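Lettered A, B, C, D and E in written order, each chain numbered from 1.
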Amino acid sequence: GGGSSSSTSGGGEPAKGGTLYYLTNAEQFDQIDPQRIYTGEDLAFFNGTIYRTLTAYKFSPDAAEGTSIVGDLATDTGTATNGGQTWEFTIRDGATFQDGSPVTCADVAYGTSRTFATDVITGGPTYAISMLDIPTLEDGSSAYKGPYTGEGQELFDKAVTCSADGKTITFNLSRPVPDFNYTVTLTAFAPVPKASDTGEKYGDAPVSSGPYKIESNKNGKGGKMVLVRNDKWDPASDDYRKAYPDTWQVDYGLDVKVIDQRLLASSGNDATALANGVEPEQLGVIFKSPTEVNPEFAGRAISELDPYVRYLAINVQKVPNLKIRQAIAVALDRDALRKNAGGDFAGDYADGVIKPNMGVDYAPSGMWETLLGEKVADAGNPELAKKLIAASGEAAPTITFDYPQSPTADKAAAIVVDSLGKAGITAKPNPIEPGQYYGVVFDPEKAHELINAGWGPDWPNASTIIPELFTPTGGFNLSQYDNADFNAAVETAKIEPDRAKQAKMWQDLNTKAMADVVVIPTRFGREQRLVGKQIGPVYLWPAYGSWPYAEMYAVQQ
Amino acid sequence: MAGKANSQRAFLEVSDLSVQFPTEDGIVRAVDGVSFAIERGKTLAIVGESGSGKSVTAQAVMGLINKRNADVSGEVFFDGEDLVAMPEEGLRKLRGNKMAMIFQDPMSSLHPFYRIGDQLTEAVNAHEKVSKASARDRAIEMLHKVGIPAPAKRFDDYPHQFSGGMRQRVMIAMALINSPSLLIADEPTTALDVTVQAQIIELISQLQREFDTAVILITHDLGIVADVADEVAVMYGARVVESGSVDDIFYHPQMPYTLGLLASIPRLNQVPGDRLDPIPGNPPSPLRLPTGCVFNPRCVYQDRVTGDVCQTQRPALEDVGAGHQVRCHLPATERQAVADLTLNLLGRPSR
Amino acid sequence: MSAYVVRRVISMIILLLLLTLVVFILFSLLPADPARLTCGKGCTPEVLEANRHKLGFDLPVIQQYWEFMKGLFVGRIYAADSPSPVVCNAPCLGYSFKRGEEVLVLIKDRLPPTIWLALGAFFLWLAAGISLGIYAALRRGRWQDKTVMGISLAGYSLPSFFLGLMAIFFIVIRLQLLPYPSYVSPFENPIQFFQTMLLPWIVLAILYAAFYMRLTRNQMLEVLGDDYIRTARAKGLPERVVIRKHALRAGLTPIVTAAGLDLAGLLGGAIITESIFSLPGLGSLAVNSVNDADLPVIVGITLVTATFIIVANLIVDLLYAVIDPRVRLV
Amino acid sequence: MVKVALIDGPDSLTGSEVASRSLRKIVWTRLRRDKLAMVCLFILIALYLIAIFAPVICGLLGVDPYSFDKESISDSGGGPVGTWGGISTEHPLGVEWGTGRDIFAQLLYGLRISLLIATTATILTVFFGTVLGIISGYAGGKTDAVIGRTMDLILAFPFLLIILAMSGVLTQRLTALGVPDGNPSRITYLIIVLSIFGWPYLARIVRGQVLSVREREFVEASIAMGASRYRILFKEILPNLWAPILVYATLTLPTYVGTEAALSFLGVGVLPPDTSFGGMLGNSVSYFSVVPSYLFIPGVVLVVLVVTFNLVGDAVRDALDPRAGRV
Amino acid sequence: MNESQEPALRVTDLRTYFPVRSKGLFPKTVGQVKAVDGVSFSVQPGQTLGLVGESGCGKSTTGRSVLRLIERTSGRIEFDGLDVTEMSSREMVPIRRKAAMIFQDPYNALNPRHTVGAIIGAPFAVQGVKPPGGVRKAVQELMERVGLNPEHYNRYPAEFSGGQRQRIGIARAVALKPKFIVCDEPVSALDVSIQAQVINLLRDLQDDFGIAYLFIAHDLAVVRQIAHHVAVMYLGQVMELATREDLYSRPLHPYTHALLSAIPIPDPRAQRQREHIMLSGDLPSPAAPPSGCVFHTRCFQAQDICAVEKPEIIEFEPGHKVACHFPIVEFLGTAPITGLDPGLTKQTGAAGEDRGSNDLIREIGTDYGAAPNTPIDPGPAIWR
């Protein structure tokens, strides 16, 4: 993968004890309910602290190792039978909830079943629904309606079964899913004790199975979440988590500038504070170059490729003409966009939606070399775009660019407008309040031709990218792309048990989508982070593009 | 009287008082060399048209002209002390104590937010350390004196609960509460009805007798002057143009302006329905007082003066009899003739 | 008097009802689908529909309004027909699914910083504004007057965000006199509280004091020309008493009006100041909710703020009667 | 002396040297005496001219606010190359972080937009405030009550919040109504909301004035002549309201410049690639500890604009103050 | 006076009440101010009716109601025999050519934002009248007529003195040669020296154009110089209505007596010797007028019945109406109220002799020439 680590560990030896501070601009976690968590950093944080999952990613800065899995709640990474259509996991001895009761197969099954209550448990990944062998109704929804109504419970109980001793859980899938053991790294498959389930409000007082438990949580600016040790957690049952600090404290709603200032100063408690981002104006202070940290911040800062690909989705329903889509892609000044985002610091030019740090699934798509007829410069080629428009048989289009409003995004929009304008394409910027953004662009009636977006895989398999982005059943198909051949190829790839073959298939599909200019990839994102002086290890965990929370410690004084 | 340097000073003696206001449009000469004098127990009336400087004169005497935005010069001897030269603190001690003032508009002269009683006792406390109770007693007694029925009850009322006449009585009570020896009443009845006016004028005279106060009564109503004044000063264009005893002014006026004034007032003892005899023209602006005699643009007698002295020379205040002074260029004989003519017209005996 | 208050309260309530209705209609126009926002990455139409139903957004606006009003008095249960209904107790200002919290609770949480900010600034600006205003009036036309008016001019010419950013740049970043502002409760750490509130207080106070200086000065000039002031001087009162007791009290009414309404407005959150100094008050809650299209919160804040203003109006009117005995509340 | 009684002819005028008292002349003569105001007026006119001719000026200087100068910004981080935000002969006030667009040109174009919005919104505010204020004050009764309650309602709204919240949808509605998409509808939106939330203040003032003016006897005189309501409202009363209206307008304009800047700062400004002062200041937030000129340049221009407007407004107010000069 | 002629104005039993409203969202009428309460009078063409009374007694309200500037509560108003009471404001427009108004405050009555030319020309514009030679010429002629310099056509009211402004108002009022003008205290705000100029002007205009005036004033001395008939008002009601001669020489109503005696005469000797009737107290509020005779609370003649029964206005003698239970008849032919300059009194002839002669001295005597010491029934009033 791209981001060779500029610094891998902080200075000093790990020590037990102390408090680690997590400073964030957010006023709350999106979700705390395990079945509803769906963002990388949150998955990493809660998986590292309170929710154990059947399997989990290894801790390593290395792209390959850091995206490989080990058993966590399960004794190993599971056993597939039936061509990958049936998966079996054995639950470890000694794993308990914070009340001391043992974690059983039933708890995992119950947790999984909650995903089906789509009217209560919203927002989380829906892999359980799409993969488990439960029939769908005519309207496309599952015949099982979750544990609250109990409708279709027998169907679920058939799909997910427990052994008599409660130690072994079996998932019966509707199709082969060769990497289902990766799927269960998601906390959506984490155990929930049925007795403690409060439905919608479970996130307010979730039951921990990890080394920490929530002592208090107060959302909003000035609010904080405090995690203290879960004394019922048995280290012997968990060789995955190190659980060094005594306490974790999340400080919500801090101004990004404040976070930077505090981390730069790193005084007092801030010495053991971390955050996940640095404002552009501080980059020059912390880094010599995108790959080199200034000496005074050595061991405290990282600049790594993150898991995300930034792209502009083209709504193919609104721009059906391929030549026009090509023209848009060709005209776009990706160089200016990248500069605006921070140049080298912002990442590398992207040629598809699969990123090099995905490992086997990545291969250059050749998008900017050959796919568009000729090599396209990073700064765009308005002349070629004009030619493409001429060849399209249509007039130069007028398109609208949807993006979540922010000062930087405004400038990016200006670049889009300007560079497309040079090719005769009229682009109109349409800034949308960030919080409302996806609400708008997912509505086919409200979304426009060009949509700003970014995507990271749920686990290191392009099965969490290509189908999501480019098929009608995908959850993130902003392009409204619906190509029968493509869909069929995706289905085949999904169930291909041979990982190498599957990778090749994903690579081809990636290239195909680029050739069809369904999206214009602009950047393989890179991100910079800074921590306090006495915290380690400092590396970006490739699994989620996050801190390796379960390994982190306060340096011994 | 005024101007006689070595004579005994009167109780209040104003000499050569001038007040100028620098304004955006130029310097306003509101009062220009005014002199007069008054003894205790006597009433001096100052009459004149609107804007002739009556109020400013009174305020200058009281030291109420803000010296920051006005030039005050001349002398005001009050009981032997020069008020013009006196520092503000000294003046403050005199104001409301040895000298008091009541104003034209009783509606707005009382503070609308404070109780009548508090406003009265405040006047007491400003000059004397007395207990609350005795200040209150004095205030109630004073209210009683000015004819407020049930004063103890009205003590706690607010000004808006009083009628205009009542408020003016309160003002008088407030002015007299520290038994001043000088009371300046600036058009105290202009805003009131005739029937109430009569009551107020009567009240002032009555109290004047009781306290042996010197009263300066400012008015433009010659009827009131005739009613109560001992001495009269006629002001026109920021100057005193004629002064003397009330009989001098009414029966032996010497200045054409005084004559014109007397002739132009409709009187109840005049032929009904007859034409009136107005003074032609309009009063001068204090911004641009005419050169020479301030009255010359309106004076119909100036052709009786030889030369253009009326237009060029400011006439001096001239003694024409015991305490009777006139500011006019007309030769003495002409003045007398003119006065006789007018008085005949008015049906009054000439001298 | 009490009849007056009752009548005023009734008309207040009517005004608030109207206001809520307008707010509902206005916000029903918003493009973002609130249901979509609570439905994460893998959202399906049926989930969307279910969410919409749960949140009550499938109802016609007027009915949503009705539900809302009912909730205020008897509380409200969202998704009553679902297995996990969300109960919002009376008075229910709504429930933010985005934040998983009752709007009332959210607002209550955010109120303290806003109140501290508003009160601190309020006292500062009143003290500075009124005293400087009087000072300028008494020295009308002279250099002191011109200086004060110059300051005032600068005060109301400077946009608050510019002033705030300048303050941060010079005082925090360059001179490092104060830490980078981040709110702590005064009960937790009074010193840090003052350190962080100082700049926002001053910035807000400068903005408002500018206006109060002018207002006070103009009022004083007006009142000082009034007849009863002349009366007070003629009584021989010391100038200090004339100014403080007679002139100031008489000129107070517009100042009280302005102060009451301004304070009420601020209690609704100082959006810009709060966001510049990252204070966790109502204003920043408002902005965040707008960004998140968190409708119930926006509606709640709008109502709370409007209530502050309307109540302040009433209080100001009642204060009039205290200040000015001529005012009869009928 | 019979002559006394007969003289009754034309009077000599007093104070005839006082300049003719038309409103315009009063204001103008008094303003001319105020040196500071004249300087400010001059600056203002200059600013308007600069705004109107911004493209020409930028053309002459060879800068424009839209073109990206990638050479002028660093490849790492996107910051401007050189000190003080990249001030150079090419870019007199430096370049924008991340794009290399010229700050000077942005400033001129921002001025254009600010002045356009503030001026138009002021005109609308004054129009609605005046008309509704006059109607409310003169008609009284139910009309007055309806307008009055509407004003109460509007004044009770946390308007910044509403403007923020409604910007997207209302801009779309405007587009649907035929206002051209993009900046025209955004600018229209700003103008409309500023006017909607602005008119009640003026209407209150006007109403109060009407209440007092209509009690003046010349109105009654006009009725006694048989004048129509139109004549009374617009020929008799309105001319007496110009003073407060003018004062309000001159003081509202700078407020709107500031408000528009604040709204842009909060993200409800004009669309990229255009920008206004507020937008520039908003952008500066991320960088100003490194490049303070991003904060100072638009900030200072904004302050100069607002201060000069306010000074002129003050001077107009003083010039129209009936008590002025009465010390 | 030609009684058979249709009066220029006839007012019958005019009442104008102002509702007293509470403030707030739902205002209620909580009372009434009976500003004018049953007033009747008429004015003959070319004649002047003086209307006097204290402040707030309803003079202006009467004047305004007559011109239909405020809505009356009841009563009948006729111009030139034409009943205008029920006319709509549109129907009133042509009528307004015949009736004009002059106001008290010479500044307020002129729009400060209009030039003199525009102000005086307004009646032409409003009524759509095109005078021969154009409006400007007509206006300048009017200006000349009222004694203004026609060159000042383009000046603003503020550039004129009070007297001149009043002339502007007069010029405006007479512009369309009305038959009838309501003059609401046209000289009260003027300095004495100017007051006389304006009164003379009004009289000259009356002589020239034959205009009838309703002349409102609070100063009985002024009214005496201009009015042919005088009505005395108190609390919205006419107390006494008579010819000038009758009213000043033989006042019947105690209130008229009090008013006359309260006016100080600018003649020190006469003034010193006058008897003064001092009314106690102030004018009661018209919102809560006293029962019975509204004057009884201040009347020195009052007896029990006065508090109970309201005296109707009756024609006590031909052309002399009074509303009083106890009119002061015994003073007829004497001058109980005013003392006169002793010097003058000596020359006075018998009462009533030679009235109308132009002999100034005798004329004065006719009014007040009697022994100053005639006893007066002592009432509750203060006597001097």
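Criterion: contacts are C-beta pairs under 8 Å (C-beta built on N, C-alpha and C of every residue); 3 or more make two chains touch, one makes a residue touch a chain.
Bear in mind that the values here come from a model prediction, so they are computed numbers and not experimental data.
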item	value
Mutual neighbours - chains that touch subunit C and subunit E alike	B, D
Touch-network distance, subunit A to subunit B, counted in steps	2
Subunit C and subunit D: spacing of chain centres that average the CA atoms, whole Å	25
Between subunit D and subunit A, distance of the C-alpha-averaged centres to the nearest whole Å	48
Subunit B-subunit C separation of Cα centroids, rounded to whole Å	55
Distance between chain centroids, defined by C-alpha means - subunit D, subunit E (Å)	52
Subunit A, residues touching no fewer than two other chains	257, 433, 436
Per-residue overlap in subunit D, given as positions that touch at least 2 other chains	8-9, 11, 13-15, 18, 168, 285, 288-289, 326-327
Set of subunit E residues in contact with two or more other chains	161, 163-164, 197, 200
Subunit B residues within the subunit E interface of the complex	49-50, 163-166, 193-199, 201-202, 220-227, 229, 246-247, 250-251, 260-262, 264-280, 282-283, 347-349
Residue ranges of subunit B touching subunit C (in the complex, touch as defined)	59, 62, 64, 69, 88, 92-97, 100-101, 103, 105, 108-113, 122-123, 126-127, 158, 160, 171, 174-175
Contact footprint of subunit A on subunit D as seen in their complex	66-68, 70, 73-79, 96-101, 168, 181-182, 267, 271-273, 275, 279, 282-283, 285-291
Subunit A-touching residues of subunit C, taken from the complex the two chains share	30-34, 36-47, 50-51, 53-54, 79, 82-84, 86, 98-101, 106, 109-110, 113, 180-185, 278-281, 284-285, 288, 290-294
Partner subunit D, residues of subunit E touching it in the complex	64, 67, 69, 92-97, 99-101, 103-105, 108-115, 122-123, 126-127, 144, 147-149, 152, 154-161, 163-164, 169, 172, 197, 200-201
